[in-house]
Amino acid sequence: MAVTDFRRQFAPRPPRQRSIPRGVYAIAVALLVWFVAWRMFNGVWTLPLQSAEVTPLHLWLNEVNAWVRDNRDSNVLFVLVFDSIRIGVGAVAALFAQLFVQTDVGLQLPEIGWLGVVALVTWVAAAVGNYRVAILTAVGFTAFGVLGVFTEAMWTFALTLTAVLFSVAIGLPLGIWAGVNKRVNGILTPILDFMQTLPSFVYLAPLALLFLIGPASAVIATIIYAVPPIIRLTAHGIRSVPATIAEAADSLGVSKRQRLMTVLLPLARNSMVVGLNQTVMAALAMVTIAALIAGPGLGQLVVQALQSLNVGRAFVAGFAIVVMAIVLDRVTTAASRRAELSARHSTPLRRRRRIIALGAGLLVVAAAVYLSRSVLAAARFPAEAAVGEALGARINDVSAGFQNTFSVFTASLKDGFTIRVINPFQGLLTATPFLVVMLVILVIAVTVGGIRAAVISTICLLLIIAVGLWEDAMITLASTLIATVITMALALAVGVIMGRSDRVDRWLRPGLDAAQTMPAFVYLVPFLGLFGPSRFTAIVAAIIYAAPVAIKIIAEGIAHVSAEAVEAAQSTGASPWQTISKVQIPLAASSITLAANQGLIYVLSMVVVGGLVGGGALGYAVVAGFSQNALFGKGLAAGVAIVLLGIMLDRITQAAVARRRRIVPVTRRVRDVTAPLPVTH
Amino acid sequence: MARTPLRRRYIAGVASVAAILLLATGCSSSLNTAAPAASGSAAKPCGTVNVAMNDWTGYTADAAVFSYVAEKKLGCTVKQSSINEQVAWQGFANGTVDVIIENWGHDDLAKTYIADQKVAVDAGPTGNVGQIGWYLPPWLAAAHPELLDWNNLNKYASQFATSESGAQGQLLDGDPSFVTNDAALVANLKLNFKVIYSGSETALIQAFRTAEKNKTWLIGYFYEPQWFISEVALKKVKLPAYTAGCDTDAAKVACDYPDYTLNKVMSAKLDKSGSPAAALVKKFNWTNDDQNLVAKYIATDKMSPEAAAQKWVDANATKVDAWLK
Amino acid sequence: MSATTLTPTASATSDTAVDFAVRNLWKVFGADAQRIASDPSFTGHSAAEILEETGCVTAVRDISFDVAHGEVFVVMGLSGSGKSTLVRCLTRLIEPTSGQVMLEGQDIMKLGAKELREVRRRRVSMVFQHFGLLPFRNVLDNIAFGLEIRGIGTAARYERAREVIDLVGLHGYEERFPDQLSGGMQQRVGLARALASDPDVLLFDEPFSALDPLIRRDMQAEVIRLHRDMGKTMVFITHDLSEALKLGDRILIMRNGELVQIGTGDELVGAPADDYVADFVSDVDRTQVLTLRWVVAPVPEGLPTDGPGLPATTVIVDAIPTVLGSTVPVRVFDGDTLIGVVDRDAILREIMGVKPAAVRHGGASRAGARAGRVG
C-alpha cells in the first residue's frame, strides 16, 4: 500500500469545484428519466414474485437443506465435525451454566448460589476495572434477582461468556493474521461483512440442524455474529500502529515475532479491547435472539411474553438485558482504561495496597460462596424480594392506557404517511421497469461514490435479480431509505444539540444506550397497538433502533469540531444558528456521512424484525423461511438479498465518506471502524 | 522486563480465585446434594422427558398441563425447550426432543421422521380440532352477519381497505409458520382483496384486539384452538366447503381449509422406554375449550404456565385421573 | 570538529577505511520499478517525466558515494528530494530497486533476513525524525529495547542502558514515559537507544527538524560532542543547510532523487555545481565556511618571504586578525607549498558578499563534483 499511497501523494490533483457539480445534473436527469419511465411503463418488467411463490433456485436450496437433514446423522464427516464442535462448545457452556445457573441435580441451584455469583462478578469487576464499576455490577446482578429473572439472566450471562471466550480464541489469531497480512485481510473483510449482515433468522434453523437445539448451537450462532468485531478491531489496531514506530523497531533488527510481540500487539491493545467490548455486546444481543433455537435465557422470556402479548413481562426481561448490557459495557471499558493507566501510575505502594484489597475481597467472595452453599436464601434468590411480576403488571396497564389514548390519532398518522410518502416512493421503485431502476441507482452510485461503488452496486443488483427477489428487494429498499432519511433528520436535530451541550449529552446517553440494547421485540407490541401491522410500524421500529447510533456519531462529530473554528465564527458575530449551519455542520460533514452509512446498515438490520410486524417483502420471506420447510430456500435467498442490499448501500456511502474526508480535512479520525455494530435479527 | 510482575500478578490472581472457589465449593456440601432429589413420590421410575415448546400459547397450555401432571403425579423430570416446529421434529432424530404435545399436520415432517427415519411415533389425537380459516371480530359479525358468507365479501371490500392494501380490501395473514393458500384463494374466488402479511401471530392478535375495541373493519387469517378466542370470540367466515383433494394443487385452491385433528408425537426412544411418561403422552386428551381456558389463564390473566396448569388440574381431577390409569 | 583530515574530493581517499560504499543506487516506487531502474533510456528523463510516462515515482536515482570510517556524512535536500529514502536503503528498511550497498566491504544487498537483522542489531543504528519510541515503555526500557531483542538478560541490558543514559544526559528520567518528555528529551532517548547497541555506524534521519531552534542547537552540539568522544561514523540527513555545514565533514546534495553535488562545506559554497546549489548556499556567511584556498590571489612579484603565512584550510573568519594585522598580503600554504596570497581587499570582498563570477561557476570545481559519481 505504501507504494500507491506514495503515488497518490505525488499524483497531480484534478481540479474540482465548479459552480454546480456535473453529478447534480446527472442525478437530476436520471431522476427525471425514472419518473417518466414510471409513468409510462407502470407495472411492466417489474420482476414480481408472490409471497408463496418460489423459483427453481429456492427449490434447489430446499433440496440441499433436506439432504443435509437426511444425512446429518449418517454422514461420518458431519457427525465427526459437527458433533465434536458441539460437544466442545457445549462442555464449556455447561461448565459456566453449572457455576452460575443451575446444576443438574437436586434443587438445581447454581454451584455458587446467587450470592456467590454476585460476589464473584463484583470482585472480578473490581479486579479488572475499578470500584465504581464493581458497585454497578453488584447492583446490576442483584437487580436480576429483584426483577425475578435471576436464573434466566444467568443463562444469558453464561452463554454470553462462553461465546465471548470462543470468539476471542478464534478472533484474536485471525485478527492478528489479518493485521499483518494484507491478503488475508482482503479475504476476511467481505466474509465478516457477510457474517454480520446476514440475518440470523436465515442460519438459525440450519445451525440447529447441524448442531442440534440447545445451548451449544445458541452459542455457535452467537459466535458467528460476535466474532467479527474482535477480528476487525485487532487487525485495525495492528494496521494502525504508526509506521514510524514500526520502522524504528525494524531499524533495531527485530524479528517478525519480536515485532509482533513487543511492538504491534502492545500498541494495538486499545483497539483490541474496543473489539472485545463490541464482541461482548454483540454476543449478548445474539444470545437473546438465539431463544428461537432454544437458547435458554432472557430472550426466551421475551419471546414467550410476546406470544401472549404480555408487554409487561417482555419489558421486564428486556430491561434485564439492558442492565446486563450496561454492566458488561462499563466493565470492559473500565478494564481497558485500567490496563492503560496501571502501567503508568502504579507505584509499589499502590500496587501492594490494591493486592491487599483484592485479597480481602476474595475472602468475602469465599464467604459468600460458602453461605450460598449452606443457606437457601443465599442460594436461590428469595422470591418474596422479586418485584418483576408487579412491575410487569403496572407496565401492562400503562401500555394499554397509552394505546387507548393514542391509537386513533396514530392510525390516521400512519395512513397519511403511508399514502403520501411510502406508497408513491415504493411505487417508483417497484412499478418502474427494473432496468430503469438499476440505471438510476448506478448513476447515483457513480456520482456519490465513484466507479468502484457503481461496479459493486451493479453486481449486487444483478445477484438480487438472480436470486429472484427483485420486487421484494425494491419494497424493502424503499422502506429502508425512508427510515434512513427520517433517522438522519432526527439524528441531525438531536445530535447537534447533544454535540453542543455536555449536559444534554449526559442526560440523553443512557436513553440511547437503552434504545440500542433493548431487544426490538419488546416494544413491538405497543407499536402494533398504535399502528397495526404495516410497513409504517416496521419503519418506526427501524428508526428507534438506528437513530441512537446516528445521533451518537453526529454528536461526536459536532463536539469535535475544532474550538478554534467555532471561536472564529463567534468572533465575527455569528448567531448560534449561523455557527451551527455554516461552521459546525459543514466541518462535521464526514461524521454526518458516516452516520448515514451506519444508519442505513442499522435500519437494514431491522428488516427482519420489520417482517414480523407487517413490513412484508424480504423481511417476511426470511421469517417465513425460518418457519416453513417449503419456504426455506426462499428465506435464505431473501437473507442473501438483504446482505446484497447492505453491501451496495454500505459501499456507496463508504465511498462518499472517503470522498468527504478528502474534501473537508478532519483533524480527528472519526471512529469508523470502532463505531458500534448493528444487531441483525 | 517491567511487565513481568504484572503478568505474574495476573497468574497469581487467577490461581487464587480458582483456589478459593475450589475450597468453597469442595469443602462445603451444597444444598443441591443435601436436598431430596424431587418432591412428590414416584412408584415407577420416570426419568427425564424433553418437551419441545412450540411458540403459540395453546401449545404452552398443553405442555404446561402435561408437564405439571408428569412432574407432580409421575415424578418425572420435565425439560422444556422452546423451539419452532421444524426444529422440534429434528430433535427426534438426535434425541433432544421426546414429546411434541400438539402437532398440526406436517405431513412432510411426519413422513421423514415417522415413516422414513422411524425415530418418532404418532401418539394419538389430543382431542383438539384445529380450524384454520378467515375470521371477523365479533362486533363486525354481529353488525353485518352477511359477512360470515364469503359471497358477500366483495360488496364490502372497500370497507376493509387500509393503507397497506390500497383500494382493495385487506385480508390480514399472520403467522408465517402456518401454511396459507390465501393469495390463491383470493384470486380463485375472484375477491377484490389483497393479502397483507402481518408477519407474526402477535401482530395478528393485536390487530384483532384493536379492531374489536375500536370497532374497525378487519378480516384475517386465524385458527382455533387459540387462547385469544376466549378473550375475543372471533367468528369464522364460511368459505366453499372443503372436499378431499380440493387443495392438492395449491395454485388452484378455491375451498376452505381442512379441519386438523391435532395429535401428539413422541420419540421412538421414549415410546420403547416403558416410562410412565410415554403412557401419559398417549392418554393425554382434552377439548378445545379446555385448552382455550388454560391458554386464557396464561395470556389474558397473565398467570405463569405452571400456576395455570395447577389451577386447571385441580378443577378437573377426573379428567386427569383418566390419563393416569 | 572532524576526526579525519579531508580531501576536497567527492569520494573518500583510498587509504581511509570505507564504511559505506554505495554504487548506482536506484529506488523507484511503482509497478514498473525494475524496468525503469535497469533501462538506460530513462536516465535522461527527469523524475517528473518518468512519473508522467509510467506512473512510477523515482525517489533515488543512480546515486553513488562512499562514507569514510569516522566521517560525518550529511545528505541534504528539500523535502521530497529522496534523502530519507536513500538513508533507509542503506540498511534496506526500504528495499532498493537496484544498485549496490557495501558496509565495510560486505554486500548488504545479498544478506538474508537473519544476517540483515544482525547488521541492524549490532552494526548500524538509526535515529528518527519522529523518534519512534514505544509509548508503553518507560525511558529505560525504550533504551534497552534493542538489547532486549538481541536476547541480552535484564541486568546486563539495564546496566548498559544506564551507561548510555548518563552519556546523553537523561539521568533521572529513567522511569518516565515518552509522552511525559519534551521533544528534545524524547530525541535523546532515541539517540540513547541507537547508541545502546554500540554500533559502528549511526544513521540520523532529520533527527532535529521537529525540535525548537534552541533545543536543536543543543542537540547538534550533543552530536558533535558524541562524535568527538566516540568517533563513530555518522550518516546525517537534513534539509537545513546550516546544520549540514555545522556537522558535516562532507555533504551530499540531492534534488528530485538525483545527486547534485558532493563535497566539503567550503567546496559547496566556494564552487557550487549549478544554480540550484548556488541558490541554496547564497545566504551562507561565506567567511564562516570558506577557507583561504578559495580566496587566494597569485603571488605578486617581489613579495617578501618573511611575512605572515597561514595554512590553506584556515577558515576566512579565523584569518581576519592575521590579514588585517599584516601590512603585506598573507601567504597561503597547502602543506609546504605556497599556493598564493590573501590581502585585505580579498577578505573585505568576502565579508561584503561580493563574489567574483569566475568563482561562482568555477568549471574545474564542477568537474570535480562530477568526478564524485564514481562509475
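Per-chain numbering from 1; labels A, B and C assigned in written order.
We adopt the following convention: contacts are C-beta pairs under 8 Å (C-beta built on N, C-alpha and C of every residue); 3 or more make two chains touch, one makes a residue touch a chain.
As the structure is a computational prediction, the values presented were derived from the model and not from experiment.
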*asked:* If I average the CA coordinates per chain, which chain comes out farthest from chain B?
replied: C
_Top contact pair of chains, counted by C-beta pairs?_
A-B
_Separation of chain A from chain C, taking each centre as the mean of its C-alpha atoms, in whole Å_ = 56
*What whole-Å value do you get for the distance between chain A and chain B if each is reduced to the mean of its CA atoms?*
30
*Roughly how many whole angstrom separate the Cα centroids of chain B and chain C?*
85
*What are the residue numbers in chain B that touch two or more other chains?*
2
*At which residue positions does chain C touch at least two other chains?*
148
_Residues of chain A touching at least two other chains_ = 343
_Interface residues, chain A side, partner chain B - complex_ = 50-52, 69-70, 72-73, 103, 105-109, 111-113, 116, 120, 123, 127, 205, 208-209, 212-214, 291-294, 296, 300, 303-304, 306-310, 312-313, 342-343, 351, 355, 358-359, 362-363, 365-366, 369-370, 373-374, 376, 379, 392-393, 396, 403-404, 407-408, 414-415, 418-419, 422-423, 524-525, 528-529, 532-536, 610-616, 619-620, 623-624, 626-631
*asked:* For the complex, give me every residue of chain B touching chain A.
replied: 2-3, 5-6, 9, 13, 16-17, 20-21, 23-25, 28-37, 55-57, 60, 81-88, 90-91, 93-94, 96-97, 108-109, 112, 162-164, 166, 172, 175-177, 179-181, 183-184, 195-207, 209-210, 213-214, 227, 250, 298-300, 302
*Please give the residue numbers of chain A that touch chain C in the complex, ascending.*
2-3, 6-7, 10, 242, 244-245, 247-255, 258, 262-263, 266-267, 343-344
*Contacting residues of chain C [partner chain A, same complex]*: 29-30, 51, 55-57, 88, 91, 93, 116-122, 125-126, 128-136, 145-146, 148-150, 177, 190, 193, 197, 203
